[in-house]
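Shared chain: subunit A. Partners: subunit B in the first complex, subunit C in the second.
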Partner chain A sequence: MSDFIKHPVVSLPDRAPEPVFSKEELVFTEAEKEQIEAFRAQYPTPESAVMKTFWLAQEKFGFLPPEVIRLAADTLGIPFSLAYGVATFYTQYYKAQKGKYVLDVCTCFSCQLCGGYDMLRYLEEKLDIREGETTEDGLFTIQGAECLGACGTAPMLQVTNGPYVHNLSREKLDALIDALKAGKKPPFVSVTLPQDEDDLGGNRRSDAEATEVGQTPPAAETFE
Partner chain B sequence: MEMALFGNNESGKTDAWRSYERALLPPVRDLHRFDTYVGHGGYEALRAVLTREEWAPGKVIEAAKASGLRGRGGAGFPTGLKWSFMPPVEPGKPRYIACNGDESEPGTFKDRQLMEYNPHLVFEGILIAAWAMQIDATYLYVRGEYADWIRHMERELATLYDKGYAGKRILGTDFSSDIVIHKGAGAYICGEETSLLESVEGKRAYPRIKPPFPAQKGLWGCPTTVNNVETLACAPLIINRGAEWFAGVGAEKHPGPVLYGISGHVERPGVYEYPTGMLITDLIDKVAGGVRGGKKLKAIVPGGASVPVLRADMIEGVTMDAESLRKAGSMMGTAGMLAMDEDTDMVKFLRRVTRFYHHESCGQCTPCREGTGWIENLVTRIDEGQGTLRDLDILLELCDQMEGRTVCALADAAAWPVRNTIQRFREEFEAKCRQSIYAVA
Partner chain C sequence: MPKITIDNKEYAFEGQPKLLQFCLDHGVELPHFCYHPALSVPANCRQCLVEVGMPVRDRETGEISRNDDGEPIVRWGPKMTTSCSVDMADGMAVRTHRSSELVEQAQRDNLEFLLVNHPLDCPICDQAGHCPLQNQTYKYGPEGSRFEFRKVQKPKKVVLGPRVMLDGERCINCTRCTRFTDEVSKSHQLTIIERGVKNYPMTPPGEVFDDPYSMNVIDICPVGALTSIDFRFRARIWEMSSAPSITVTNAKGANCSYWVRDNLVLRITPRANPHINDYWLPDEDRATYARFNEQRPDGPRIRGDEGLQPADWETAYARASELLGSADGSNILFLGSPHATVEDNYLLCKLAAALGASPPAYIPHVKPGAGDGWLITDDKAPNAEGCRRLGVRPVDPALVRARLEAGEIAALYALEDDPVASGLFQAAEIQDIPVVLHTYHTTNETLAAADVALPAAMVVETVGSYVSEDGHAQRVWPAKAIRGVNRTLRMEMGVSRLDSHGTPFDRWHNAANQVQCKPSWEMLPNIARGLGLEWADASPKEIMREIAQHLGAFEGATYENMGSSGVRLTEIGTLA
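Coming up: the complex of A and B.
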């Protein structure tokens, strides 16, 4: 036996990490495959469809462990290494399992100045976890987020890459957590333009499930 | 012309803006629906350019130039000029538009409101630009966080295809052009034009070295023009009302309607449509209801996190257009304006901004990857009361080593707020350094 084998200069795990999903689970349905084909048809190269395919896969599996990334790559006929590089570049693709509801609390720029950190710390206290952690029951993950583009209704948060919750307050967070525990995801909220309030007397969209108006932001207590 | 009253730089300094009638977001209920949009003259501009001889592609580009329209995404580049950079049509070589709806500059939230309330204006603008440059397909890049808005726009886009307003043989003419919405997945860097192209191609979004510019080698090596969504939404207005009208709205050298996103310590934050060239003091005091709780204004950031901050004593008489803001020592950026009241701790503010850029640096270039981290560490140290006066000089030296030394402008965008916040609020930084445990050393 060579010296190298007896005295390895690097230590490597002796096996690949156990996959989270079994072979039986790791399949796209015919309808999903059709959808992925439709994504491919929108671009000149199959690589370009990888981001949409990841979104579809994350919707189905909840996150993107290596075996799901490989499934996406194989379905598109692109190298796993390329797909893996893309999955690890973008923060919205979850590489590890998170809670059922991921609460991305914006703490950036306008939200920093308008109490984003107050909301983040309140949630930490309420759910008894720190930023980046998941509750034991697997229901909630809290994350501090960079600017989510809703500065006029600061502070705000996003629920699992989906609906925005605007004009946060502690009471509103209490109600949100209760609703999510009961399995009720917040609706799409249309933020009314201040000029529409003046000209149209309110929100212009008759199909808006819920509306919000920018508020005078609260004074931030924590200003990290 | 009814808008002539905005026809010079003095306009913003009067109360004429009060009678301004919105053009990007006109007050029409349910304008986001195809039928309502068409009912209010929507897609007439598209029909005009596709069917009338006077609107040959070259003429549309001429009109864009004559309108004086400048990009609304941050850099403020003249749009007509950018369109004219596209090389002549070559058979077998597709041409693309990449429409930038990534909107991730902190403090910017106007494109989202435009996509929510007037998506068809964006689609019509895209199709007019597509005609002007003879484009085969447009990739509308929208940040992944805007999932709900993407869903809504997909629905409207499907209607557009069904009605024959996009895709093959648009409105029965020989012109065909596709629109594809590309959903991002959380990366500030994708707002940079070449990095956006990489992302559409399904890669890690590392910016490309320019030249070649996108007009030469863009998406998949083919001629491509990158425009912001608000920029393209101006195209139907230019066709319908004329380049002269557009050029007469707002500031002379930076004209047109613009969406101001006002946030921070004001009574009434939100997105407002007004002409360019508005007085900053009017926007804060009259439009957004003044600083909350009757507090005094301390500083404003006029156009997103990367543009230099202005002290309250620097904004007197300054208007929201490239020229006036340059003289004042800042930039128009995205017109996403942040107001800060007298209680704001500028060191803490800068600390959070530096954290943002550190988090969002793509890591491709060393000065940015390392520099943004060191900047964050140094500002954090000062804020935590462990900094020294020498740290301030090191920070400025770091800025020197970052600006203009990387593939894209993220390093510059990270360095400008540091340089300017320190220069313009130096006493606050020095005060924290003097209180520090190392102050004696």
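Coming up: the complex of A and C.
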């Protein structure tokens, strides 16, 4: 976002892009169609099911180029323009090919104060790419993200619209990258409040894959 | 009847109107951008905020609680609300910016937000001068800007489709355009893309905004974001004058305004008429303005030894009378025209009857399958229904051919049409018979055989009435001046162009581009008098009064009744 403040330029999207997927690839299986039909049945109008359908399509195709958006719209029977507007609205829908792991490092106010940019720059250095870029092996994409709603455990990041990694430090990032390179996605971590340790025995969730006790966030070394 | 109090003034209302529309209908102006009476209510511009309250009622009795003065006690809403989305209720109290500083402040602050990323290019913007954002900023906005950062740069000069261009920076994301394509034209070709400060309307990839009604988004755009590719930078709004009229591209009779500068029609925009076209106009109706300016004739012409030669009006009338007089009346073929007004066709009928000819026929201009069932009709001429009601029937080409071959056509009188181009005759076939032609353009193919060519005033220059396919009779006003003096036209011009631009009395008056032509209702009586008939000059208003009196099919179709939105005539079939 900081780049946008310095250079607030919105570019025109390619209005006639070459399709990425061939006609043969652009199909939903029967099972997927059934699933989409089930999404549609959950809402009074088919327009409402567009977000879940996109999610399904993104898991299948990896990202949402215009032809996939059109496929989703046609499957639901809604206008392509409406679906395209929704897809461009949400940053979690990837309109371009990304790395296998997308690391959304929060750089919004709270995280920034607690070192969000320190973490982002460290990752850039470590992976030798800039924010918004993908590593050559296609494994990692780094992005700066706006508030992901976990200010209490700042700084933090999210892995490919999935699990959060809390209370980041350089060591933790090293470990995370190593684990991801080994094909191990971080678990869903439930963070408990430190004051609950004494009174409620930690008040840990029994259904969480992992738990962690909250800690006082560090102060940032740099701001932008 | 339920009552509502707006700024301490009480209004009675019926039904369940929205507050903003009710205010606008009752002269209580409220600033707004996204609200449009023909579209859904998204309440996203936040400009029409007002304070709304309901009277306090006693819980036990349900009676309205009153203070010591007997005034109802009002419980005001905790926050302001958008008046466009509020359903009115009995006893509701409203404070607008006229009585509430809070509302005034909210409107000012909201405008400041809208202007944060709006470029200040009003001096080169086509919308300037009739821009709701500009007007309302002057009226309700802050005096200056406190914004010190770089404004967001968005795509400019984006060709959305063949007729519409987008300037993303000017857009305030009111979504009127996307709602128009979703709800009215149903082409779903526009959407708002991206989010936050980055958003603007766009076509999805691979699609072109070629909706046959696409240019309506230009009219409803409250800023200069959507402009006409054709009209861009052609004229400033305050240099033009407009006259209320109807379009003549097809038989729907959609209401429009013709915008004129220096006697050239520069654009055509819709004029609201709930009986016909609401607020909309198809693109094909707007694309035809050039035909009012180009290839127009310069005065009457008479065929001499060296072909058609310029002549003055008196000579041309005399020649026409002479040619008609020399033929046996029953052998003159009169062709009326669905392009001409009811009055002109009526005078032609009268002339035909006076000479003992059979009633005029007209050449139909129907393109089957061209219509869309809404504002585009199969019939590409504006007045076929008017002709039909006058007793002017579609011409039977076989019959005309038979008569021609039998030598029964001794002369041809064609009103504002092109019999050769429409295939009724070959030019060579009518070369030897006298042909009197009223024509709009020098490209008229019948001119090759015409003996007297009389330039006729087009819809933008004349006064007259047309009957739409649905039987809606409407009158038109002159939008631009023609060469020469006609008192009726001049008087009508003073009424039609309220801004009085282009009249002889203002500094915009310009004799350039005036076409030397005359309305057919002025030419026909002159020719009739040359034939020895006792015809007085009559204005179209008087002619129409006569028609309305004598012809049941036009009952009630006087100019007084037609007004600016026309009058629906009784179905012919249902007449006794």
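The definition used in the following text is that the second predicted complex is superposed on the first by the 205 of 224 C-alpha atoms of A that agree within 3 Å, B and C clash if a C-alpha of one lies under 4 Å from a C-alpha of the other, contacts with A are read in each partner's own complex, and residues count from 1 in each chain.
Basically, a residue touches a chain if its C-beta (ideal position, glycine included) is under 8 Å from a C-beta of that chain, and two chains touch if they have at least 3 such contacts.
Since the structure is predicted, the reported quantities are computational estimates derived from the model, not experimental observations.
Visitor: Return first, second, both or neither, reflecting whether A:E47 touches subunit B, subunit C, both chains, or no partner chain.
Guide: It touches subunit B, and subunit C stays clear.
Visitor: After the superposition on A, what does A:P66 contact: first (subunit B), second (subunit C), both or neither?
Guide: A:P66: touches subunit C, not subunit B.
Visitor: For A:N161, decide between first (touching subunit B), second (touching subunit C), both and neither.
Guide: Only subunit B; A:N161 stays clear of subunit C.
Visitor: Now for A:V9: first (subunit B), second (subunit C), both, or neither, which partner does it touch?
Guide: A:V9: touches subunit C, not subunit B.
Visitor: On subunit A, which partner's contacts cover more residues, subunit B's or subunit C's?
Guide: Greater contact footprint in residues on subunit A: B.
Visitor: Could you tell me if A:G85 is touching subunit B, subunit C, both of them or neither one (first, second, both, neither)?
Guide: It touches subunit B and subunit C both.
Visitor: Just checking: does A:P17 make contact with subunit B only, subunit C only, both, or neither of them? Give me first, second, both or neither.
Guide: second
Visitor: Going by the contact rule set out at the top, does A:C147 touch subunit B (first), subunit C (second), both, or neither?
Guide: So A:C147 only meets subunit B here.
Visitor: Regarding the shared-chain residue A:A182, is it in contact with subunit B (first), subunit C (second), both, or neither?
Guide: neither
Visitor: Could you give the residue numbers on subunit A that contact subunit B in one complex and subunit C in the other?
Guide: Subunit A residues touching both partners: 82, 85, 89-91.
Visitor: Across the complex, what residues on subunit A touch subunit C?
Guide: 5, 8-17, 66, 69-70, 79-85, 88-91
Visitor: Subunit B touches which residues of subunit A in the complex?
Guide: Residues of subunit A touching subunit B: 42-45, 47-52, 54-55, 82, 85-86, 89-93, 107-110, 112-114, 146-154, 158, 161-164, 188, 190-191, 193-196, 199-200, 204-207, 213-217, 219, 223-224.
Visitor: Using the touch rule from the top, collect the residues of subunit B that touch subunit A in their complex.
Guide: Within the complex, subunit B contacts subunit A at residues 22, 25, 27-32, 94, 103-109, 111-113, 116-117, 143-148, 180, 182-188, 199-205, 220, 261-273, 289, 292-293, 305, 336, 338, 340, 343-345, 348-349, 351-353, 356, 359-360, 362.
Visitor: Once bound in the complex, which stretches of subunit C touch subunit A?
Guide: 149-155, 158, 168, 178, 181-182, 188-195, 197-200, 202-207
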